[in-house]
Amino acid sequence: MNQIKDDIKDYLEKIIKEEKQVARDGKIPDYIEKVDNEDHGAISMAITGLDGRCIKAGDDEGRFSIQSMSKVISLAVALMDQGEEKLFQHVGKEPTGDPYHSLSKMELQEDGGPLNPMVNAGAIAVVGQIKGKSVDDKFSRILDLTRNLAGNEEIDYNPEIVQAEGHDLNRALFYYNRYGGYVDGELEDVLPIYWRMTSIEMTIEELSRVAAVIANYGVDLDTGEQLIPREVVKVLKTFMVTCGMYDQSGAFAVDVGIPAKSGISGGIFASIPGRMGIGVLGPDLNRHNNSIAGIRLLKKISDRWNLSLFNQ
Amino acid sequence: MNQIKDDIKDYLEKIIKEEKQVARDGKIPDYIEKVDNEDHGAISMAITGLDGRCIKAGDDEGRFSIQSMSKVISLAVALMDQGEEKLFQHVGKEPTGDPYHSLSKMELQEDGGPLNPMVNAGAIAVVGQIKGKSVDDKFSRILDLTRNLAGNEEIDYNPEIVQAEGHDLNRALFYYNRYGGYVDGELEDVLPIYWRMTSIEMTIEELSRVAAVIANYGVDLDTGEQLIPREVVKVLKTFMVTCGMYDQSGAFAVDVGIPAKSGISGGIFASIPGRMGIGVLGPDLNRHNNSIAGIRLLKKISDRWNLSLFNQ
Amino acid sequence: MNQIKDDIKDYLEKIIKEEKQVARDGKIPDYIEKVDNEDHGAISMAITGLDGRCIKAGDDEGRFSIQSMSKVISLAVALMDQGEEKLFQHVGKEPTGDPYHSLSKMELQEDGGPLNPMVNAGAIAVVGQIKGKSVDDKFSRILDLTRNLAGNEEIDYNPEIVQAEGHDLNRALFYYNRYGGYVDGELEDVLPIYWRMTSIEMTIEELSRVAAVIANYGVDLDTGEQLIPREVVKVLKTFMVTCGMYDQSGAFAVDVGIPAKSGISGGIFASIPGRMGIGVLGPDLNRHNNSIAGIRLLKKISDRWNLSLFNQ
Amino acid sequence: MNQIKDDIKDYLEKIIKEEKQVARDGKIPDYIEKVDNEDHGAISMAITGLDGRCIKAGDDEGRFSIQSMSKVISLAVALMDQGEEKLFQHVGKEPTGDPYHSLSKMELQEDGGPLNPMVNAGAIAVVGQIKGKSVDDKFSRILDLTRNLAGNEEIDYNPEIVQAEGHDLNRALFYYNRYGGYVDGELEDVLPIYWRMTSIEMTIEELSRVAAVIANYGVDLDTGEQLIPREVVKVLKTFMVTCGMYDQSGAFAVDVGIPAKSGISGGIFASIPGRMGIGVLGPDLNRHNNSIAGIRLLKKISDRWNLSLFNQ
């Protein structure tokens, strides 16, 4: 068993080394580079098995913000709170082919709501459906689930990152949503939750554990507790496949075929159902705002171990 | 075994009966209604196991044209001819969220090609990559594969349907593709192949057999011959999930979760990997041009037997 | 002279009578109907000559809110404050062919700003350029000019109308503008000015006098004072022709050919350079949100007296 | 009188010299550069008074193709053939803010036809309404009017230019139009007329004479014959103002304010009603495909002699 672990670690180190040069060519968004202290060309990776054991490789990049990867967790909370039928009156289920911040399709299509829970407009509508008495209350429900999934009670959001982000586009999306009836309440009651959740920080090992619990059908790796109902996990994995990589989701489905979600900090988490969770961080982004190294490494891993959902 | 078969047939008849009323509310495109002689409210269904045995239920609607369902077969031929790398220089991999005939995203997005092989523009680009000396030659290669998949050497296209279809939008798409460099040659060398393939007719049993061979990883149910390479079948199933149901693909992935492709004649074929193929025909369409009955029946079956790819 | 005046009045009454039935077929936005107490099928009209004499005809509808017609006045103030070069760094000059509240073209086009000062996004950017120490201060500058143009120091805005309007779309536009750098400051410093100015109320005679001063190249009809510089008036008239009637501006230019601006209250003011100003109110709107009666009456008047700018 | 003529010529030479450097920065489309033999930085200009006298300045660039400028002439023929009411069932009247070859707005807007007669789709629909027994017959009617307007019976189209142009986008637009019912007949019966008319060649003096006849309300400068009815000229001038400079028309209306039409060969003709016609050629184009020098020179002339339609 330890031999296997070593072999996997060797393999990960090898492919990370191979990707070092290519990964350096991307761009890192200003506020990410400053606040997260991310380095051009750095790559780290972790795999957590369903037994909870973790293999790590690459550079040590410490804690980083999960950004859009948090949308999967808030979607889980909202689905547990409202159920599918009610929640999907506020957000659609369709991939868009448009960038994640796009407004134009909301305007141009017949029924006008946010396209899916993974674009910003949709994630804001989803956050609006989370139950709780206050912003703190609602956010703590997302944070609690995040801590449970990651297996670390110390995880928290970073107020500096909340400060550093450009917020006006999200404000526009909030009001555009409210104009269409897809979100209620005041901006101050909704967006701070969204901003905090995207600023939650964790390590690459913790990210791979989040992925592993989803791969484990929502069951905690240590306690066996059902952290997220299996029916909800099914929905999460579906959106991870159809919309998880922004407007590169379709290509990722063909080329890699694993439920995964990326964030603008350069992280990606990927869940291989019944097998393992993978976390990868490479801050250099391609034009779809996905980690260059992350996508290339996941393709290599998927090919080597035949992990594509569509080849089972 | 026969008991199981009877039980399944009873179940299919029961759910078809349940859907009869709802199915009647859709629209049937004029030329489909006239040439295919399809009836409002009619529903038929067939399931073929990987052993080749077929269970049929519902109305007997005879032969119908496969329309956009043929795009999966032509994609298979083009992938076998050109390989992934070369083919995807002519067509993208992204779902669109737009209607199947849409031009606007091709114009509005950066790299401008047809979005994926399941929209008309993309399917025309795919057909343009099929090898052969003439229209007849190229089309015969699609037809031959169709006959092999369906298990009937008599299958052919219906020239009356080719006549009845409105063709100007496809002509516009051809020239728009050629303007962008995504297709070569003359309109007369490409579109007749496209029109004929969408006019291929088969029965519901045959359609379910096509689905079953794809569910069987491309291996013929009778002879064991590898009709389509497994790697190509993987790509087919991916597009069936991300783009198979027009601009309802995302919702179908969440609600049903089965690789499937619909056509404007009201047919849908669905492949459950390693288990079975399903064909369903209900000519009344919803506003996404998908069979109302087809989608509802596939959801019931997916729920009953837990078939969603995203719940495995 | 009085004979001419009587003839014109008779003609106006005659054409108003002719249009009564057609005008009744439109829709009146809810909040306009409630707060402005406007009646389906009511029509009123006034013509003010450059000598200040006014001829009125039709129903007496009292005071009504000027809505988007105020955009011409705020544009005048902003141009006087900033000059053309600086102002047009914040807003474009192009007609859109899209509805007045559209966001999608801002997103889809290369340089991304609000298209022109007559769409809501553009008018908000324009208001953001008006000088003043506070909301009250800035708004009073728009109001003062409005009073001078209309020749009534009592004119004011109606707080009830500000309350009744749906504001979320404008909030979205404000933040979308600020995201792109086309407006600065806080929402609370800008939008209240916009909301108040659209809620300014006047009578049909006063509206025709506003139009007459613009027709008089910005010179006050009574005092001879240059209320708006001639160079600014030129710009106002240009936008009234190219963008004054929402996405019906092009058709209005061909069919009527007079600089004019409409509002969602059903008012239109039209300036015949060197000749007269016209105000018309018919609250029933067509699908472009222009007054049905207003457009038809202005076409009749333009044809009868050969007023098209493009036929001079 | 000759003194005035000399002064004007001196002024034109002066401003042409001033613009020489700036004009050199644009791009020239490949096929224009090759077939029209146009030089980077070359500029020529001509003004024809309503008395028929012509002043020319700048480089001598010989004959050049009129490209989109021909759309004004074909619109004149179609309006004479069909009348406004019938013609505008096939083409709209709205400026678009989109590039001239755009398809997306046709798809995205409610009624779907080509936006106006100055975009390619609209010009193709207009050509489809010209009466005649054959392509030759219909084209000769456009050519005859062009010869009469330009005052030269020798004017003709250049088959080499027809060959050199990229035609696939126009083919796509033809079929997209026919799909929507905005054009009838076969591609071969319509597009050759369109291609030939855009390939008509003339000199800069002749171009200024075309503009002068339009400025003269359609009356021949020599014979006094009404070549185009005044009512039709009104419509031409309206579209020249609202749509004459592609997606820069709005800015040109504000900055210059003269009815004008540009072509991709770098030519612009401008009609000052009741005063003169101007032709200008500078092949270097800006990103809106308008002549850099042409726009700058027309602005200088408009400012100097106060020619803006919106300042009269």
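Chains here go by letter, A, B, C and D, matching the order in which they are written, and residues are numbered from 1 within each.
The rule we apply is simple: a residue touches a chain if its C-beta (ideal position, glycine included) is under 8 Å from a C-beta of that chain, and two chains touch if they have at least 3 such contacts.
Only a predicted model underlies this, so the values are computations on that prediction, with no experimental measurement involved.
Asker: Spelling it out: a chain qualifies if it touches chain B and also touches chain D; which chains qualify?
Answerer: In this structure, no chain contacts chain D and also chain B.
Asker: Name the chain whose C-alpha centroid is most distant from the C-alpha centroid of chain A.
Answerer: D
Asker: Please tell me the distance, in whole Å, between the geometric centres of chain A and chain C computed from their C-alpha atoms.
Answerer: 48
Asker: Measuring centre to centre with CA averages, how many angstrom lie between chain A and chain D?
Answerer: Centre separation, chain A to chain D: 54 Å.
Asker: Could you grab the centroid distance between chain A and chain B? Build each centroid from C-alpha atoms only and quote it in angstrom.
Answerer: That gives a centre separation of 32 Å.
Asker: Using the touch rule from the top of the page, what residues of chain B touch 2 or more other chains?
Answerer: Where chain B meets two or more other chains at a single residue, that happens at 108.
Asker: Which pairs of chains touch one another in this structure?
Answerer: All touching pairs, sorted by chain label, are A-B, A-C, B-D, C-D.
Asker: Touching chain D in the complex: which residues of chain B?
Answerer: 102-104, 107-108, 166, 168-169, 171-176, 178-179
Asker: Quick one: which bits of chain A touch chain B in the complex? Just the residue numbers, please.
Answerer: The touching residues are 84, 92-98, 105, 109-110, 115-116, 230-231, 234-235, 237-239, 241-243, 247-251, 253-255, 257, 259, 273-274, 287, 308-312.
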